[in-house]
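First the structure, then my questions, so here it is.
For reference, chains read A, B, C, D, E and F in written order, and residue numbers begin at 1 within each chain.
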């Protein structure tokens, strides 16, 4: 499939964004209307929030959409120590004194790219405030330290990811941030779809893939009963890959699923039993 | 309508503020005397606080007034990490050593602009102290690091926004800050006005707009019963825009209103039911 | 009235302090012996603390006294992030390396000015420690980073303001700081005096001014019953000014007094009723 | 035994990594399938987590594997103050201005090395977020401050160690970090193996080595009954080494095992009794 | 009286310490053996701690002793934000790069002065650790950032002050710091001595001075009953000075003693009554 | 006695360590096998922890051993604000840009010295992590900011001191740090030995010295009954020295022991009584 870019001003990607262009199609198996919803929001320039549990494909989806729309993708992994300056930019010292250096958000806004803030809830509420003026119809970013107002490029979009299971009193988005976004919900794919993904990504046959999906489902039933989250699709792919190197399936599951997910002996035993049953 | 500037010393906007001038009239539908109240305070140089819930139009109002009065608008999104230096300015390194660089507050005071501190309650109480000498009849800003006293330009004004729902023991303005401001209260517009805004901003017909307003009202009734805030006008506009891209109305409401506003399954169900009833 | 300076060594104000000289007499209506007490402490070089509630005229008083004594006034608004370096000075980078830059306290001590630390209780207790050696008979300021000892100019004085209502276990002056100051108590002026101030500052007739003072008194009776502080004289002046722009008196009171002072519906109602009664 | 490197693109080790190459074979006595498991994960480029108690040989294992695979090993001891910049790099000042300096993670990713994050749980959760994009199939590291995207060298691998006994509510890996790793479990070696290790590393005969292992086992039984952890293999080696310098065995055990491990008189007595029994 | 310096190596005061030499005899009225005790410790180079309440003359005593011994006095007011670098020194930027700049402790140690750490308990326990190697027989100060070891000049001495009333669980000296000092206890002088001090320092007659001392004693009896500390000698001197400017005695006491010491109406009343009784 | 250095590679002390060489024999009176134990650990390059109460001679012991072994001693007083960079080194600015500057730990490791971390428990657990790779058989120090790996000089050793009485939940070494050290226990010397030390160090006769030791023993019995620690040997030496200056013994004990050790009137009385009894 060819990427198409009939949604926006045709655009020559500027050099500074070449590094951020996704050249090969990232594999993504849609499980609903998410592609159409994203494209609608994209066309109307409505900011999008991708909601769902760990490892269910949110990041892959945004990479796929960036490729599909032919747009550069600037990804920022949010964390608690991220300051507004990390997003917006700062003055750096140079032989001729200080020189302004755009941060990733400013670069995306100025030159026109999708800016993806991964796990936005990890950032301090007050750091996220800097995106506000870019997410309403002003579409501006005041660079206070430079006394400049950047007006966003027509191709600039903002996308964030958000894991509802992480939200807490201490860490949640401000109401005034949430209300700026439209949201698309994600969850683990259904049985067949997940088995297909595991088989394709790890290069194993569908029998092994389906059995691994059954292990995952049992682990997901333990959510709240000793596990914070069940096994992600990524863990199944890891297990499948290990079998391709000659590791027996039970040992591969132990290495890729059981040991990473828990240190509780009872939960480990339950998961190990689940593995035996599935193979 | 032409912007008029018969309130103040006629003024050639200095170059440094050109970026901050609002050229096109921002759409604003007044719902009371707020324009007259703002102009009265403006003429008397009384600082103004805009009070009201998220997304009810405070920022749009101040942009409209800046356009109306023909004055540049310097907007600062306040956040907890904002230091006094972020407002006032700092020394930056240069080929010839350090050089002072005015912050947005100082620039507005020195050259004459409306300085708008958005969500002032997010700033640390002690950062806000720096505005005190600009908000009484002294109208000065001592730049302690420079041992300079800036006397405010006659056209300098200060406006802040404040969401009473956010105030808490930990985060509130100091009494001595509050008492420096006159206040204008804002709330969501009434039914007809809100439908008119949605129709105009999203480009949809009034039937859809009115139905969306009914959804919003039901969500606002859930405030305190599972929701921190109801749907804002902005969310209604998002939903309406998505329908213009062919997204069915129920799905558009889910994407623009239900999913962003809550992760609680019961509240989601209640909101989804409200959507069904309204269409 | 002409300012007089017969108290101290006649002094040519140095250039660096020109900016800090108060040229026009600031209006101040004395309500007791405060002028004589201040002058006595000034002559004996005893540090002075001005104690009283928000907006009752402490800052105006010190400006008036500085004008009256013909002395420059260096004002520092204290806040929690203020470091000792903000008061004392720091090394700044320059084409030839670092160069020491006096902070406001050092400048006042070195060149001879009244240094006014506004709301000193906001500063960290440990920052205030740097004034200790200037407030006893040593009258010195050791600049530790420079290994210099500044001996205070004969005209150097130190004045602080302090709002007893703010004091708490977390934020109070250290005993060893308090004991270095003599204190002058301030409160809101009496009825007639306050009405006279409002009439003069806002340019309204005494009937409106007196009615506004009655509103203020009722609000002050609510202190501790829903209000942290009553309306200050400044708020009355704002209300009076708004009426001069054609805003009806009730609306002016709502904008300048009721809305800024509280978000509690019951207290707002009580204040609104008080306004109706007074006009 | 010769190190072999038939797993990956043959590679000339770049100069910058020469310092990080392990020239002599580190002694490692395998106690299970760990070598095969590691090699399988290595071939499939799956990140590996080494789990186990203090001093059981995790670090030695990764050094052995790096030697075995002929790959450079970049080790980072994690700690709470480690910032993302410590891993990723920063701008440093230079005669010609600032110059970017790769951190250890970036260097390993760019040039191709095994990056070993020792005791990753000590790092702040939010610092560890920077490894996310390197541990999934993107294998990229966005250098936000440089607006560069580093694509990992084919030989880049990531290995972390993790002591489950340390995990707490405050300090644990995020679910979304854990799920990126496969895990290999480590524990103290069995009796014979441990005695062999002690004898070989300290140069003592097997009688002393075996007796020391018996002391260690008794101390490990006290885990949870006064001791946080039992004596590690390393402590046994220390005790054995001291005997080679003529220190009597009881005193050597006291110096190398009893005194370092506890300050509780009862536990000390129990351990001392255990020592007497074993010799 | 002439200062004498027969205790130590005769010493030409180096230029850098000229600023720190006390030229005029500071008035000090001894109340016990403190002068002899200090001189004995001085001769034996034993560090000295001056213990006592606020404003009882500890700082004056050390200034007197420095004058008496003909030694320069480097005073550091300790506070919570004081870092080890503030005491020891730091690298500062210069036209030729960074240059080391001795802090006050290092300067005193290197060149030979009495270093007086005022209110040492205010400093963080861990900052005070840097004095340890100077306070035992090593008499060295390792400058870790410079890899230099400063050996203390024979004339270097260390003196600290300490107010036992301030000590708390959070703020106290470490046992290992306390044990390095000998201590001299201070308290308010007895009636006659205090009256003599007040009369001399304020230039008033002994009747007024004695009456003020009686006021102070009553206030000191309120310690623990509404007051943290009673009136210090310094406050009495302030009150006496104000009377010399024509302020009536009751008003002078109110300004210099009652208002600064308390905001509690009951305690104020009690103190005011005490004033009436004494005059 | 001549220092001997037959334990290690004969070594010319490099210039940078000249400052750290101990030229004169520090007096140390051994009370057990500590010298032999230290030398055994030294020969085998096992890290050593010196455990014991304040002022019992741990620092003197390590200085004595450094002299005895003819090795330079780099001492670091640990404190809570010490960062990893304070130990390891940092880039400093220079006329030609930044230049790396070894910290004390790196200098000792690179050039070959005993590095003594005094009161290691005061440092943050996470700062101490940097010594891990130097305390196992790797004997390396990765300088992450420089991408250099320092291999320790054969003469490098690491010694730490640790006061078990200070350990708390908040401040203790990590298990993985403790297990890297062998330990030597210290306590106050026995009666005769302590009297001998006091007599020798203070230059007094043995009658006074013995009586002071009896005072110390009584104070040590009060440990846990009002005192955190009893009088250290150092305090006895201070008291003895003061008597040599003509201070009466009771006053000398009060100044050197009673006042520094406690502010509790009852404990002071008990100690004063103990003094009377002993003389």
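Before moving on, here are some points about what is shown:
The working rule: a contact is a pair of C-beta atoms (placed from the backbone, for glycine too) under 8 Å apart; a residue touches a chain by one contact, two chains touch by 3 or more.
Since we're looking at a predicted model, the values are computed, not measured.
Between chain B and chain E, the least number of touching-chain steps is 2.
Annotation of chain B and chain C: not jointly contacted by any chain, touch as defined at the top. Using the average of C-alpha coordinates as each chain's centre, E ends up farthest from chain A. In a homomeric contact, the two copies may use the same or different surfaces; for chain A and chain B, under half of the interface residue numbers are shared, pointing to different surfaces. On superposing C-alpha atoms, the copy chain D sits rotated by 60° relative to chain F, to the nearest 5. The centroid of the Cα atoms in chain E and the matching centroid in chain F are 30 Å apart. Taking each chain's centre as the mean of its C-alpha atoms, chain B lies 61 Å from chain F.
The residues of chain F that reach two or more other chains are 93, 95-96, listed in rising order. Circular chain order, beginning with chain E and continuing to chain F, reads E, F, D, A, B, C (contacts as defined at the top). Contacts from chain D toward chain F in the complex involve residues 16, 19-20, 54-55, 59, 63, 74-82, 86, 92-96, 101-104, 107, 118-119, 122, 163, 165, 201, 228-229, 231-232, 234-235, 238, 241-242, 244-247, 251, 255-256, 259-261, 263.
The residues of chain A lying in touch with chain B in their complex are 33, 36-37, 39-41, 43-44, 46, 49, 51, 83-84, 91, 93, 95-98, 124-127, 129-130, 132-133, 136-138, 142, 144-145, 147-149, 164, 167, 175-176, 178-185.
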